[in-house]
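For clarity, chains are labelled A, B, C and D in written order, and residue numbers in each chain start from 1.
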Amino acid sequence: MTDRLRHFLKSPVLWPLAGIFLLLVANLVLKPGFLTITVLDGHLYGLPIDVLNRGAKTLILALGMTLVIATGGVDLSVGSVVAITGAVAAVLIGQGTDSLVLILGGAIAAGGLAGLINGLLVARLGVQPIVATLILMVAGRGVAQVLTDGQVLIIKHEAFGFLGNGFVLGLPFTIVCATLLYLAVHFALRRTAAGLFIEAVGDNPEASRFAGLATARIKILAYVACGLCAGLAGVMEAANIGAADAQRAGENMELDAIFAVVVGGTALTGGRFLLLGSFVGALLLQMLITTMYNLGVPPAVAPVPKALLILTVCLLQSDRTRRWLGGLFKKKAAA
Amino acid sequence: MKAMLQRRLPLLTTGAIFAALFIAAGLKYEGFFSSNVAVNLFTDNAVLGLTAIGMTLVIFAGGIDLSVGAVAGFTSIFVATLIEQHGVHPALAGAAALAIGGALGAGMGAIIHWFKQPAFLITLAGMFLMRGCAFWLNTESVGINHPLYARAADIYWEFGPVGVPLVAAILAVGLIIGGVIGHTTRFGRNLLALGGNEQSALLMGLPVGASKVGVYAFSGFCAAAAGLVGTLYTGSGNPSTGIGLELDAIAVVVIGGTVLTGGRGHMLGTVFGLLIFGTIQSVLLFDGRLSPWWARILVGVLLLAFILLQRGLVRAVGKGK
Amino acid sequence: MTAPSPLLTLRGIGKRFPGVVALDGVDFTVRAGEIHALLGENGAGKSTLIKVLTGVYEADAGEIILAGNPLRAKAPADAERAGISTVYQEVNLVPSLSVAENIALGRQPGRFGFLNWRAIRRHARAALARLEIECDVDAELGTLSIALQQMVAIARALDLKARLLILDEPTASLDEKEVADLFAVMRRLRAEGLGIVFVTHFLDQVYAVCDRITVLRNGTLVGEYPIRELPRLALVGKMLGREITATPAAATAATAATGTPLLSARGLSRRGALHALDLDIHRGEVVGLGGLLGSGRTETARLLFGIDPRDGGEIRMKDAACGLRSPRDAVQLGLAFCSEDRKSEGILPNLSVRENLIIALQAKQGGWRTISRAEQERLCAHYIAALRIKTANAEVPIRTLSGGNQQKVLLARWLATQPELIILDEPTRGIDIGAKAEIEALIGKLRADGIAVIFISSEIEEVVRNSTRAVVLRERRHCGEIPGAELTAARLMQTMAGGHVPHE
Amino acid sequence: KTLTVGFAQTGAESAWRTANTDSMKNEAEKRGIILKFSDGQGKQENQIRAVRSFITQRVDAIVIAPLVETGWEPVLREAKRAKIPVIITDRTVQVSDESLFVCFIGSDFYTEGKMAADWLAKAVNGTGNIVELQGTPGSAPANERRKAFADGLAAYPGLKIIDSQSGDFRRSGGKEVMEALLKKHGKAIQIVYAHNDDMALGAIQAIEEAGLKPGQDILIVSIDAIKEAVAAVAAGKLAVTVECNPLFGPKVYDTVAKVLAGETVPKVSYNKDELFDSTNAAAALPSRQY
């Protein structure tokens, strides 16, 4: 038990968790009603629920991003892919497609295709990930705009809207969906050898190939998975606001996703990944955004707290600080 | 000698591709072959070019600096606010801005090195920080009416039929200085070594920490210089200057054949990358018919085609040795 | 010899890593004008001692005195400034820079921080010439073979005006001529009054150049001895802490293998790497690949294992065509390949010993059929015991193991896949005497089990001892084959050197 | 001789902007004018680059829809040196020398904000708590609409802005911010002022999801009058949307023709902006083009 505790205390997940806790306390002090959750028509309402609800998209993106980052890559195109898939869904609905399966299938498949392109560029043609995905980041938004003809397409579809605004057992569907996806990905990676393969490829691609791993295929699959996640997030975004906005949907979301992953303890250099960390990281980010609304931070300086958060988490996670803190504790114990 | 040639291959390829692109555009569009277009490549890309200089060296060292755009934006509004609202002399304001850019870079470098944190994240934090500060100073752009600015806008050097404005000249000088630092100083070579293999660089007794701090400071300095040049270019300060600039700068550096993982590259490549980037923009403007979204797709496709071409050429020539 | 004053004194050095005590109160003295061997098994703490000395690691305890003054190196740069020049165990240069730059880095000639490229090249050429190395100083270092890179690293170290030169296993990938050249230089430097620390696992080399020996075992000092007072057998005993049992048996003179070969390659070729090679391997055979440095042995192995695409030729397994195109295919077909470059082609540095050990087996089984955790742990326990892998436990990252122990984990990785044919490229490089004997015994056992082995080693004796047949390469061509009965060191050497044209 | 006109557009950030671009393009096609179009992608640097390129290409006239007011002086001076007439549309520029451009044809973000404030003050009799959904910080419409609205409210001490956050001109942003603000202020919110329709529509969703009735419990005021917003006014969810007419094409080319013919044109002219509330929305809906 103490062993487990010690293990937990060393885990990188601890810091983002602590961050969430601190923000919670700050919110509570400044706005005591923060944690209140009320029941309305059998649905739960309240800021904490909002945090979960809003964080769901970043969370889903962060799941896919974790895999890509673990292979030693990065996917800058997820924001654009969110726009594309939203546009695809809107266009399909606009053409009178009624089957939810078709709509979802079409939209998410578009995300998968985008991931496939990224994966092929990176793994087969050896283009550096930042560059390969930068291409789709630039071109992807154009594609989305061509699809929607530059308009904000309005989506009127009951079942589709449920994906963004529905409630299951009193909880927003988005967060239920994100949690299920998290569990699914977790088990798919840890109950099979897929997780190990991804970590191996990220740690040393050459050695992995020598050990008989299909390095290229593993990388491609990671990008495809990331694309699918972005597709799902895009569908959610479109369903949530009931419209596909090619210009602005998913803007800067790639940075949020990367942020969540890295704050969660997965190194950008690849190798070891921490899915749980990404989950917590995404929540931390959303918590921060909601806190800023709550505190009425002027919109113009909103990036500053974000910067301070990144710096704090980074510095706390570093070995140097830990050693220093460790030394402090020891001294106290001795005294 | 052959080995030398082989190592320079990506560079030569990039140069060749630029030449081909420029000639093709010249044949297609009337009036493209003019000294004006060529000089404009420098003038219009001065802000991008100056940030790309710092970015090149940072990438040499295997790092990345996402804060450059925000630093440029901050500098822009900072200088304008000082001059217009506090009556500070432009030279003093500029010097202060350059100092802030350098100091911020040095700070980020120190955190990256001493706390062993990923450059991507720390400079991302730097980006948020500076962008927030820029908007905090002023959310609106501020026109600069100081007479010095008016005079600077009129500076032209005539070389025969070619008129070179101050902004273009600053970029040219900056590129030369960047090249000298990168290729003929110990500092520059240490950066490449560091990017090639940090562990080795350390064991070889190179000043790893100082080099890292130095290169981020330099990049911050370049970004601030870019912001300054931006105020010259527009005669105003704008806190939104340089949004997305960091990605363009990275693209320019990488198109130039510098490897993102570090250890390999050339400042001349960045020059070519900048010229290619500028030429693509010019072509879009000369064409002027594309709808903005198709233009975006086209830029993406061109970027892709370009990278594949570069790869293909390097591989083909490499095999035929 | 007169007793020169101590140049360097280390007293009571202690260093612990999480889970391991790497050094525990070690004393070490080097005098000016001597070559001092630092010996010990894998993981004894040799490299750690060196890194503490040069400031890579900070010692937990102890003091260092260089030429009468306390030395407090915070970084390798400080040590260099104090006159300590070091070649570390793993080649530590920058592969993406040119040879000339690698030699000059950090101390380039030039003024005011500006470089003089011409002087840099001239300087590099001179430094290489001193070791009689021929290579283009403008070539990118990464394109050279490991051996050449090692020579460049040594050239770099010698280039420094130093009082103390440290060489941590510099000879592991060098051939005999290069070793001889290096020794000549070392002797000259000794005569000039330098102190030299020399780490190696080749005892012959110790007795060829060294003056005194310090032996470490498990992070503690065993003792310091003048070379004449410590005969070979006693030395080995001190290193191992026990008497070694019988030397490994020479390979039994093999009966010529017959029947369909397990693997046969015809016309295997790749431009610039290998020229139309034919090779048959039967079950239970150990085929030694002989050849000088750069003769194409590694290239052969890489082609057989599908790492590089071949331009021509065919590989058949058990007389059936097999579409062997990638390492993945090779693993599925029951091949295994222990590569010579363990740092970049072998280990997954940040993954645990356990994960490194099972990765090939898991790859062979595919992603879906996972090996249960219990089974993984059983495998680890088995191989850690069987190969005497020195590690705190199976969950530490493999990068924290000593070089030799990493090598053993990689061997275990392949043995776990129960291959039909295993290719060992320099498996004994950087491995201590005890482990070497164990690996040789292991090869014998594999052979007895009917597994085919391709054995590549730069140590001729080793090839002769272990092979049932030798295939010799020269300048990337097959240039002869020596059946087991005729396999002697002299014959092998002659064929490798090309002094004798084999009849075919 | 066919006319060549260069048009430096700000970008394609909203439906309004797209309609504006389309108007310029379609009208040029109709009149047989060659339009060199440039998308500034929301960056002034790109716009300046485009104008400089138009000068190099020696177009007959240049039209600019400036992203920000300042920073145009150097490039306008170049245009003047090259004797190319420049027409500023949409919003004005600050220059020391008014002769640097021929004329200004504008829609006026400031007026729009003012109209919204005046309408609101009348509708609620000068009292109420307002939350403001701002556009992208630093962007021109956000700046102007914020300032104008605040100026307009100055005369009505009963109308108070109790909170103000940025929804980035995005529908999702509007929704997210509104959700948070509803949690924070609860029933205290009586009025929402959104800098554009997209955010307003997002806010309507948030309000509905919180179990409140937009239009009854909370009054929403917005700007742009995109088709969907006008429909929302007709449906009673949105109280008012101030039109900002994007269809500049005909007027701009008329002006170009006059200028090139040497006629004098008024230095400043505005497009007529309308206002849609419950009285006229339903009637206007069928004829909306964007």
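Just so it is clear, contacts are C-beta pairs under 8 Å (C-beta built on N, C-alpha and C of every residue); 3 or more make two chains touch, one makes a residue touch a chain.
The chain lineup, named per UniProt: A = Inner membrane ABC transporter permease protein YtfT; B = Inner membrane ABC transporter permease protein YjfF; C = Ribose import ATP-binding protein RbsA.
If you're wondering where the values come from, they're calculated on a predicted model, not measured in any experiment.
The chains that touch both chain A and chain C are B. Set against the Cα centre of chain C, the chain with the most distant centre is D. Rounded to a whole number, the gap between the C-alpha centres of chain A and chain B is 30 angstrom. Averaged C-alpha coordinates put the centre of chain B at 44 Å from the centre of chain C.
Look at where the CA atoms of chain C average out and do the same for chain D: the two points lie 71 Å apart. Multi-chain contact residues of chain B, defined as those touching 2 or more other chains: 135, 139, 259, 291-293, 295.
Within chain C, contacts with two or more other chains are made by no residue at all. Listed for chain A are residues 145, 150, 298, 300, 302, each touching two or more other chains. Inter-chain contacts, as defined above, occur between A-B, A-C, A-D, B-C, B-D.
Across the complex, chain D meets chain A through its residues 12-15, 18, 134, 137-138, 163-166, 168-173, 175-177, 179-181, 183-184, 198, 201-202, 205, 209-211, 226, 228.
By the touch criterion given at the top, residues 191-194, 196-197, 199-200, 203-204, 206-214, 271-272 of chain A touch chain C in their complex. For chain D in complex with chain B, the residues that touch the partner chain are 6, 9, 11-12, 21, 35-39, 41-46, 48-50, 52-54, 56-58, 68-75, 77, 94, 96, 137-139, 142-143. Of all residues in chain A, only 31, 40-41, 45-47, 50, 54, 145, 150-152, 154, 165, 237, 240-243, 245, 247-249, 251, 290, 293-294, 296, 298-300, 302 touch chain D in the complex they form. Interface of chain B with chain A (complex): residues 111, 114-118, 120-122, 124-129, 131-133, 135-136, 139, 247, 250-251, 254, 259-261, 291-301, 303-304, 307-308, 311.
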